[in-house]
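Below are two complexes that have chain A in common, paired first with chain B and then with chain C.
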Partner chain A sequence: MADKIIKKADLPALLSRLLDHYRVYAPVRHQGMTNFEKISAADQVDLSHVNTTLSPKSLMLPQSESMFQFTSMKTVDQRGILREIEKDYSPRVIFAIRPCDAKSFQLLDLNFDTPSYRDPWWLGQRQSTTLVGLGCNQPCNTCFCTSVGSGPFSADGLDLLLIDAGDEFAIQTRTEKGKELLIKTSVESEGSEATANAVLARQESSLKAFNSTVYTENLKRHDVKALFDGDFWDELHFACINCGVCTFVCPTCWCFDIQDEVHKGNGIRLRNWDSCMFPLFTLHGSGHNPRAQKLQRLRQRFMHKLKYFVDKYDRGVACVGCGRCVQQCPVNIDIRHVFRLMNDLGA
Partner chain B sequence: MEQLKEKIMQIALRLLVEKRVDVVLGFQQGSIPMTSQPILIREPEHVDRIHWDSFCGSNLATYLPQRRDRVAVVAKGCDSRNIVLQILENQIKREQLYIIGVPCQGMVDRRRVLANLGGREPRQISETSEHLLIRGEEFEETLERTRFLQENCAICAHHNPTFHDELVAEPVTEENTVDRYGDIHAIESMSEDERWQHFAEILAPCIRCYACRNACPMCYCPTCFVDESMPQWLGKSIDPVDTKTFHFLRAYHLAGRCTDCGNCERVCPMDIKLRQLTKKLEKDIIELYGYEAGLSLDQRPPLDTYRPDDPQEFIR
Partner chain C sequence: MENPYLPYPARIDSVVTETEDRNLKTFKLVFLNSEDRGKFIHRAGQFAELSVAGKGEIPIGIASSPTEQGYLLFTVNQVGVVTGALHQMEAGDTIGVRGPLGNWYPWERMEGKNVVIIGGGFAFTTLRASIIYMLHPENRSRFGDITVIYGARTPGMLLYKDELAAWNERDDIRMHITVDAADDPDWKYNVGFVPTITQEAAPSAKEAYALICGPPIMIKFTLPILSELGFPPERIIMSLEMRMKCGIGMCGRCNIGTEYVCKDGPVFDLAHMSRLPNEY
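Right after this comes the complex of A and B.
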């Protein structure tokens, strides 16, 4: 049920009001590619995309995050003391995020916001952010969110969900943060019955447009060793070139590496995205590499997403069905096919 | 295209049945329109999985280094040139290989087609020698094939395999009048500062996924310099200095070895024009040494040999 509406023609004005109160990140199109960027004016926003090339993961977990600074200079008495680098965690909005990507943040919470460890940088980004979603009237060929616990109009993980209902966006409010945003930006118009009907029609037609389905029901009960030893890995891995495209475009790949970079006695401690596709990911100090082979690395990625994660958290698979890896793998390794191979093991 | 595919299948079948090779390295059709996947066929009964169309842009030579078995490999002009180089560089032995040469009409750039469709999604693609027929949910469109070629294919001067055991079709006519270096001339005419700025801009979107390197048939080092950890030569962040160092050094490693197969650009998720680096080096090598990579087994890449009469004017 829509709580409020906003006329499409009023969207630029809304974005301008948002900019008065928040740092705003939204889809921006550059040379044929749409990605989330910080905007300074409403006219930068482009909503003609199906989904962004890169996921908005980097807005919560930057590809490279400076955490601490330190000095290694002998003359300074603070030598070797790590000092946290200040971050701008003032209120911000991620505008027009897709439901699949919003769900990915919930999955990443399972790793970065746990009873035993609460990652301050993750929390800083999460808590400062209001997520304004945009439902998907037209899913693409490779979208399969409906099979992995989300959907084109799922508001899970969102503060507000916008649904394109023709001349207007219907707005569903899900949280206090969302309510606050509407108040701050003076969105007051109520939706009519016509709006509600238009939304229903969109929801129906969008669901019909999905033509990708994956099955996950057997993943949990399969024996982990049986999957690990599956004979399909050999053929599956052949084409893989072990680049990091799938892991870097993936909204749920959260692995990182911590490095110190020191220049003339001044250092920073960084957290950088890493990829299980890279041999260096598992290289031990001894020189031994437990995943020295391409097959082992490819298997790790899919086993983590579709088995280890399932077993550990009991929250489904670590995949939100955005289809980015399917679209962008240089050699067409299709995760939907891997779902099939793993789910159907022994069938 | 269908005929080429049939012919490749026939040859693959014959080679496997006669046990002339252990495996056939070719393509199978991708799971989404305008994609393909490299595939290794071991059994004669699997040759029907072999595919060929304008979207087989991967360079299959990438899969050859250090193989120990006897391989039949489907090779376009560029692939065959990379195979020549790999033989010269001891990555694979001539005797192991059976090269199924495909006279190539240029590969089509999926991104350019998608851009032309402006968000409408293709569901099915078929092609003739001149056209691509695209069907979507509520549209049908015919595109002129040559307008959507990969940029390297549009200026290719070696469509025909330079080196092969068998050709699947009559050689195509080579187009030798194109200016291969239009974009490079433009960069050469920039001032040093402008050029630095230009490369900084084109490399800025890089996410350091290394797809360009891993897709490159000439990037076969067991450990790439960016993956060295003791000592670590390069930072792991997306600091522009590190990103540029990676791309510039990689390009220099390819001087005299790059065949402009375009695989680096084809696989780049950020659509970075990486060939602007490698093509400049290719042009320099032609001008300085009169050498084009991968045309002959009798001539080594100039930067791994020494001749007393090598040009030296550029060393100062």
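Right after this comes the complex of A and C.
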């Protein structure tokens, strides 16, 4: 049931009001690709995409993030001591994020916000952000969110969900943060019975348009070593070129590296996205590498998503079914196929 | 909120070259800010990330025992960028320490039990911490017999030589020091590989735990001997190594199956390890 509505014609005005109160990130089209960018005017936003080429994870976990600064100048007595860096965590909106991508943040919370350690930069980004979702009236043929605990109109992890209902967007409010956004931007019109019916019709037709299903029900009970030793890895890994594209586009791949950089006596410690597909990822200083082989690296990616994560957190698979890796793998390795192989093990 | 990535600044108090190849040095560190001392409370078996600004961070086992107060010891083998930079540093230089990290040897479970310590090469660091800890007058009565089997390639490659000699004189710890080959005519300890010496020493498995840490080849040949001696896998305790960055279970690189070696380890018993994929 929609709480509020906004006329499509009023969307630019809404975005302008958002810009008065928040830093706003929204889908922007550049050179044939749509991705999330910081906007400064309503007309930059483009909602004609199915989903963004890159996932919005860089908004929570930047591809490169400075962690600390230091000086290595001999004359300074603070030499070699790391200091924290001021960050801008003023209120921010991510506008028109898809439900699958919003769910990915919840899964990554399990890694970054734990009982023993809390990642300060992840928390800073999460806490400063209001997530305004946009439901998917038209899934693409690689989408399978409905099989992995999300769905085209799932509001899990969102503060507000917009649903395109023809001439207007129906708005579902999920959290206090969402309510606050509506108040700040004076969104007051109530939805009518007609809105509700239009939403229902969109939900039905969208669900019918899904043509990918994966099965996960056996993953938990399969023995981890039996999956690890599965004979299918050999054939599966053959074509992989270890380019790492699948991990970079994936909203639920979070692995990172930490590096220091120094320029003219001033240094920063950075964290950068990394990938389990790269041989250096696990190379010891001694030369030993537990995942020296391509097969081991490909297996790690899928075992992590579909088995280790499942066993560790009991919150389902570390995949939200966005289909990006399926679309962008240069050699057509398809995680939907891997789901089948792993779920059907021994069947 | 504490930032778990921010190292405590520390001063290098002294540097001792341990081995004849000069490739292993022990660094004694003192926290620059005294309040950080109270925050760093470790147990034997844990590690820390040592941070050299501009070079990076490395996980290193804490070689000092919690009973040695006011400083921390780390013994570092020179292999690459950060260890190389550390080896260039001197007393008075500033570095960072982040931790303590990871789990520890199962001191709760080992209470009242006999303890057999088996180490090889430079992986003796947290085992030294453990021995010092158990030998401390306040703790010695909490453990039964203590047996140590420690080997290196040559006499000159053994760590902590003075302490080894001192322990050898005591009657509340049984020492089996060995080398692969001795060039020193005055060598008064064993010659032979750690697995062989373990077999000869034949420590009883009764009410006993084995802590084993060393190069893969030593572990591979020692484990079957421990099984023969009757040690069940639950009482064979190992410390694992994987390439690490964050040290707090977040960067995703050090996993063996479901377990992050940095946070869920580095200490695992053999029963637990045998349930994990064999990828380390």
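Just so we're on the same page, the second predicted complex is superposed on the first by the 347 of 347 C-alpha atoms of A that agree within 3 Å, B and C clash if a C-alpha of one lies under 4 Å from a C-alpha of the other, contacts with A are read in each partner's own complex, and residues count from 1 in each chain.
Here is the rule we go by: a contact is a pair of C-beta atoms (placed from the backbone, for glycine too) under 8 Å apart; a residue touches a chain by one contact, two chains touch by 3 or more.
Nothing here was measured: the structure is a model prediction, and the numbers come from that model.
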Overlay on chain A: chain C relative to chain B, clash or fit: fit
Touching partner for A:Leu283 - first (chain B), second (chain C), both, neither: both
Partner chain(s) touched by A:Phe70 [first = chain B, second = chain C, both, neither]: second
Which superposed partner A:Ser116 touches (first chain B, second chain C, both, neither): second
Centroid geometry (CA): angle chain B/chain A/chain C, rounded to a multiple of 10 degrees: 90
Chain B versus chain C as contact partner of A:Phe232, first or second or both or neither: neither
Which of chain B and chain C A:Phe248 touches, first, second, both or neither: first
Chain B versus chain C as contact partner of A:Thr53, first or second or both or neither: first
Chain B versus chain C as contact partner of A:Gln259, first or second or both or neither: both
After fitting on chain A: smallest Cα gap, chain B-chain C, Å: 6
Common interface residues of chain A - those touching chain B in one complex and chain C in the other: 257, 259, 274, 283
Chain B contact footprint on chain A (complex, rising order): 31-33, 48-50, 53-54, 63-64, 140-142, 209, 235, 238-239, 241-245, 247-249, 257, 259, 261, 270, 272, 274-275, 278-280, 283, 326-328, 330-334, 336-337
Residues of chain A that touch chain C when the two form their complex: 67-68, 70, 72, 79-82, 84, 111-112, 114, 116-120, 123, 224-225, 228, 254-260, 262, 267, 269, 271, 274, 276, 281-286, 288, 290-291, 296, 300, 303-304, 308, 311-312
Chain A contact footprint on chain C (complex, rising order): 1, 3-7, 9, 32, 51-57, 79-80, 83, 93-96, 216, 241-243, 245-246, 248-253, 255-258, 263, 275-277, 279-280
Of chain B, residues touching chain A in the complex: 30-32, 35-40, 58, 62-63, 111, 115, 119, 121, 123, 137, 207-211, 213-215, 223, 227, 229, 235-239, 266-267, 269-271
